[in-house]
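Presented sequentially are two complexes of chain A, the first with chain B as partner and the second with chain C.
And then the complex of A and B:
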C-alpha cells in the first residue's frame, strides 16, 4: 500500500466538518506557514518538485515565483476547480469529502503569494459542492483561519466560491479569469501571462484543486520528505480517477512508483476488467491525451513495464506513449469500438470550443462529422487521411490548448487503430452491429486465450 | 414587473461585495444562476435586462454571456430537467441505452419537453462523474449508476412531486 498524503483521512467519519478535520491535525500547516517568510514557502514548494495537477504538469513553485509584485497593486490566488476533462473527477472527490484540505492549502498559498482575497472557481454543475465549500469556508472563518489578522500574524485573507455555468474552456486559466470577470470564457492571448496580468489585470496565480491541497503535506512534512516520495521528477502522490471498463472505478492516490499493469489489475486499485473481458485500450490522463493500445500501455516500446508517473506515461513521446495529464484514467475493454469512442470525444470538443480561433471552431465540427459517418458505415478511405490532415492543422494553431486537446485523441486513434477505421469503411453493413475486437492490440502480459 | 425577492436581492448585494469596487460585472454568472431559479427555470430577455440593470452593465453584456454557457436556458424547460451525460466514459457504460430508454418512457426526443410541461430531456457533455456512469444531472445534484429501474423510480418521484 502506497503512502497517502491527501486521502489519508478520507474515511474518518465527519472529516468534512471543521471539528473533526482539526482534531485529525488539520490547519497545522497554516500555523507553521504564518511563522515563515512568504518567500521561504515558495522555496519549499519549489524544492518539493510539486507539478501542477490539473493536466499541464508545470512546476508549481516556479509558477509562484513568476508572480509580479508591483507596489500598491493587489495580487490574487484563484483555485481552478472547473474540473471538466472527460475521465477526471478527482477534484470533486477532494472538495466533496475533505473540503478543508483545499481551504487550508489555499490559506498557505495566499500567504505565500500575498493574496488577500482568493477565489475558488468551481464548475457550475458541482452545485451541491459549492454549498459544502461555503460551509467549510464559514467554519474556517469562525475559527480564525480566515478574515483579518489571522493568528495575529497581520495577514488578512478572505475566500469566496464562484460557480461557472457549463463550459469546459473555463478550465483554461485565462478563460477562467475572463469568466470570473463576468464574461464569455474566451481564452486570452499570452503573453502577458496571468502572473503579470491576470484577474482584473492584476498579478494572479491560478492553481488546480489537487495542487493547492498538496501544499498542506509539503509544509507539514517539509519539501525534502515530500520529494522523497515518487520517482525522478514525479514527486509526491497523484490522485487518479479511474473509470470505464474496470471492476472498481473511483479515486486512487498513488505514489507514482507503481506500474500501469499493477494499477489496472491489482485489487488495491482498479481490480481488473469486468466480466472476464480483456483490455483493449486506455486513455491514461484525461480525454485529451493520446489513447494507447493495451500492448503499448502496459509496456514501453523498449519492452519495459510502463510506470504510472509523468515520465513513464510519456515514454516514447506520442509515437508510442501518452501523458499523465489530469489523471483521468479511462479503460476500454475488448468490446469497445475505438471509432465510436473517438467520435464521442470529437463531439465533446466541438461542443466545448469557444469559437474564437477558426482552426478549432471549424476543425472540431468537421472531425465530429467525419467520425460519425465512419462510425455509421458511410465513410470512405480518404476520410481517414482527411481526419489526419484536419487534426494536424488544428494542433498548435490556436490561442489556447483546446485545439491540441481536440487534435490529439483523433491523431492517436488513427496512429494506433487505423485498421479499425479501415474495417469500418470496408464493412459498412457490419460496423453498427459487430465489433472489431482486439486483433493485435492484445495485452502482452495477460495473453488472450 | 420583474423583481427579485427581498432575500435574493440581499444575496445579489452580498455577491457583489466579494469583488473590488467597480468590478460588479463579476457577479454576472452567479446572479444569472439566481435569476434562472427564481424566474421559471429559464432566462427570458426581460429577465436578462433586469440583471443588466442590477449590475449597471449593458444588456448585450448579459446576452453574450447567457448564450455562451450551456447551463443557462434561453427557452422554457419542463419542471424537471434530465441532463444525461453522453461523453466517452459514460458511453462505455451504456449511456446510449439510458438516453433511448428515457426517450421511450417520456415519448420525447432530446431537447424536447413533454406536452404536460413536466419533463425536458437534454444530453450534456462530461459532468465529472465518469466513475459513477451512466449518470445525469437532476436539479442541484447528480443521479449516478443509472439503470432502467432507477430511471423509472426518478420519473415516478417527479410525478409524485408534481401532484
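And then the complex of A and C:
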C-alpha cells in the first residue's frame, strides 16, 4: 500500500468544510510557510522534485524560479482547473472533496511567488465545484487565511474563482490567460512565456490543481521526505483517474513505484478487466498521449516491467512508449475497436481546435473525415498513409500543443494497430458488425538478445 | 558603440546580414529579399500583434545564437521569432521547412473554394502566389468543402467566408485603425468564421483597409465587384488632399481608359500598404469608395508593381526572354501567345488599351 498525501483525509466526514479540515491538520503548511523566506519555499519545491501534474511534467520549482520579478508590476498565480482532457477527472475529485487543500497550496504558492491576487480558472462544466470552491474561499477568508496581513505576516492575498465556458483549448495555459482576461480563448504565440508576460502582461505562473495541492505535503513534511517517495525523477504521489474496461474505475493515489501490471490487475487498484476479458490496449495519460497495445504497456521494449511513473511510461519514446500525461488511465479490453476509438478522439480534437492556426484547424477535420470513412468500411489503403502524412504535418507545426495532442493518438493507433485499420478496409461488411478482437496485441514481445 | 546601434549578425540560407536587435527572422529575411524570404499570409508589419497563425513562414533554426548554438527543436514561425546574434536560419535550404510548408499550403487550400475564375482577388491574391510557389499540383482531399451562409456586412465590403483563411488581419485593422471593431471571429475550429456582431453593418471611416489587408478574396470591394479583372486595369499613383484625419490621401487608382474602377492604398513589394514618414499609408473610405472621378485626383504616374500581381511589370524585368529560341523550338512558327506581355503591356504603354483589342493580345499590338 503506497502512501497517500493528497487523498489521505479525503473521506473524513465533512472534510469539505473548514472546521473539519483544520481539525485534521489543515493549513499547517501556511503557518509554516509564512515564517519562511519566499525564495526558500521555491527552493524547497525545487528540491522536492515535484513535476507539473497537468500533463507536460515540467519541474514546478524550476517554473517558479523562472518568474520575472520587475519592480512595481504585480505577479499572478493562476490555478489551471480547466480539466477537460477525456479520461482525466482527478482535479474534479480533489476540488469536490477536499477543496481546502487546493486553497492551502495556493496560499503557500502565492506567498512564495509574491502574488497578491490568485485565480482559479475552472472548467465551465464544473459548475457545482465552483460553488464548493467559493464557499471554501469564503471560509478561509473568514478565518484569516486570505485577505490582508495573513497571520500578521504582512502578506496580502485574495483568491477568485473564474468559470470557463466549456472549451478544451482554455486548458492550454496562454489560452486560459486570454479567457481569464475576458477575450476569445486563443493560445498566445510563445515566447514570451507567461513567466515573463502572462495575465494582463504581468509575470504569471500557471499550475495544475494537483501540483498546487502537492505543495502542502512538501511544506509540511519537507522536501526531502517528499523526494524519497517514488523513483528517480518521479517523486511524490500522483493521482490517476482510471476508467474504461476495469472492475474498479476511480481515482487512485499511487506512489509511482508500482508497475502498470500491478495497477491494472491488483485488487488495491483497478481490480483487473471485468467479465473475464483480456486487456487489448491502454491510453495511460489522458486522450492526447499515444495508445499502447497490451504487450508494450505491461513490458517495455527491453522486456522489463513498465512502471507507472514519468520515466517508465515514456520509456522507448513514442516508438514503443507513451507518456504519463495528466494521469487519465483509459483501459480498453478485447471487445473495443481501435479504429472507432481513434475516430472518437479525432472528432473531439476537431471540435475543440480553436481554429487559429491552419494545420490544426484544417488537419483535425480532415483526419476525422478519413477516420470516419475507414470506420464505416469505406476507406482505402492509401487512407492510412494519408492519415500518417497529415498527422506528421500537424505535429510540431502548430502554435500550441493541441495540434500535437490531435496528431499523437492517430499516429500511435496507426503505428501499433495498422493491421486493424487494414482489416476495416478489407472487410467493409464485417467491420460494422464484428470486431477485430485481441489478435496478437497481447502476445509477448520479442526481446532481441 | 552604444547598445542602440549595435547590430547583430544572422545567417539565413547561408547569407549573413547585420540587423538591429529585436528584428524578427522574417524581417531580416525581407532585408535580403528574394527566395530567402519566407511567405507570410497572416503577418502584416503595420499591424501590431499580427502573425504566427498561418504557419507558412515556418523556418528551421539550425543554431540559436553564438552563445547557445543549439538548434531549436521545432520549426518556428519566423514572423514572431526574434533573431539572436549568430543565429543560423534555414528556409528554402531545409527539407523540413519545404515539407512543412507544403503541408500548410495543402491545409490552407483544403476548404478553399478555388473559385479564382470569378474571384475579384484573382491576380493579386497571396494564396494564389503561395500555392504557385510552395504548393503541390493536386489535392488529396476527397470530401465536401466547408461552406458558409452568405452574410451582409455593409454597403462597401463583400464578405466571402468560404475564401477566408482566418489570418485575423482584418480584426487587427478594425482594432487599430478604425475607431471601433464591430466584427470578429465567431465559433472555433474549422467552422470559425468572420462575422459582425448580430449582423451589424461595418460602417467606419477606415473599414475599407480591411480589403487591402485581406490576403485572399474573402473581403472584396463592393464598388469594384465583378467590374473588371485586375490585370486589365492600369494602376497609377495619385494623391488628393483628403480632409479625413488619419488618411494619407495617397492612393493607387486602377484605371481602364480614363475611368477609375477601383481605389486602393499603395502597396509595397510584400503586398502591404506603403509607409510615409514611418506611418502606414492607410486611406479613408471617402477616398476609396466615393472618389472615383479622375478629376478629383492628381495623377503622379504609373505604379511600380513589384510582386503580388500578374500585372507586376517589374517582376519580369530581369527575366531573360528567350526571344529567338522560341521560334526555333517551334520550328520557325511565330508564337501565337504573347510571351512578353508583361514588359510591354498597357501597364507600360498607356496609349494602348487592352480593351480595344478584340482577340488575344500580341506583342505586335504594342509595337505599333
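Everything below uses one rule, namely that the second predicted complex is superposed on the first by the 442 of 449 C-alpha atoms of A that agree within 3 Å, B and C clash if a C-alpha of one lies under 4 Å from a C-alpha of the other, contacts with A are read in each partner's own complex, and residues count from 1 in each chain.
Convention: a residue touches a chain if its C-beta (ideal position, glycine included) is under 8 Å from a C-beta of that chain, and two chains touch if they have at least 3 such contacts.
Bear in mind the structure is a predicted one, so any value in this text is a computation, not a measurement.
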Check your understanding: So, A:182: does it touch chain B (first), chain C (second), both, or neither?
Key -> first
Check your understanding: Between chain B (first) and chain C (second), which does A:352 come into contact with in this model arrangement: first, second, both, or neither?
Key -> both
Practice item. Report for A:393: first if it touches chain B alone, second if chain C alone, otherwise both or neither. Key: second
Study note, to complete from the structure: Per residue count on chain A, the busier partner among chain B and chain C is B
Check your understanding: Between chain B (first) and chain C (second), which does A:344 come into contact with in this model arrangement: first, second, both, or neither?
Key -> first
Review point. In the superposed arrangement, which partner chain does A:204 touch: chain B (first), chain C (second), both, or neither?
Key: neither
Point to revise | Contacts of A:299 with chain B and chain C, given as first, second, both or neither | key: neither
Exercise for review: Answer with first, second, both or neither: which of chain B and chain C does A:167 touch in the superposed model?
Suggested key: both
Practice item. Look at A:369 in the shared chain and tell me whether it touches chain B only, chain C only, both, or neither; answer first, second, both or neither. Key: second
Exercise for review: Tell me which partner A:118 touches in the superposition: chain B (first), chain C (second), both or neither.
Suggested key: neither
Check your understanding: Once the two structures are fitted together, what part of chain A is touched by chain B and by chain C alike?
Key -> 167, 184, 351-352, 354
Exercise for review: Report the residues of chain C in contact with chain A in the complex, numbered from low to high.
Suggested key: 51-56, 58, 74-75, 77, 80, 99-100, 102-104, 106-108, 110-111, 140-141, 143, 146, 165-166, 168, 184-185, 187-192
Point to revise | chain C-facing residues of chain A, complex | key: 167, 169, 184, 189, 350-359, 361-366, 369, 386, 390, 392-394, 396-399
Point to revise | Touching residues on chain A, where the partner in the complex is chain B | key: 74, 83-89, 92, 117, 119, 123-128, 158, 160, 162-168, 179-185, 200, 241-245, 249-251, 283, 287, 328, 330, 332, 336, 340-341, 344-345, 347-348, 351-352, 354
Check your understanding: In their complex, what parts of chain B are in touch with chain A?
Key -> 18, 20, 23, 25-30, 32-33, 55, 57, 61, 64-65, 68-72, 86-89, 91-93, 124-133, 137, 140-142
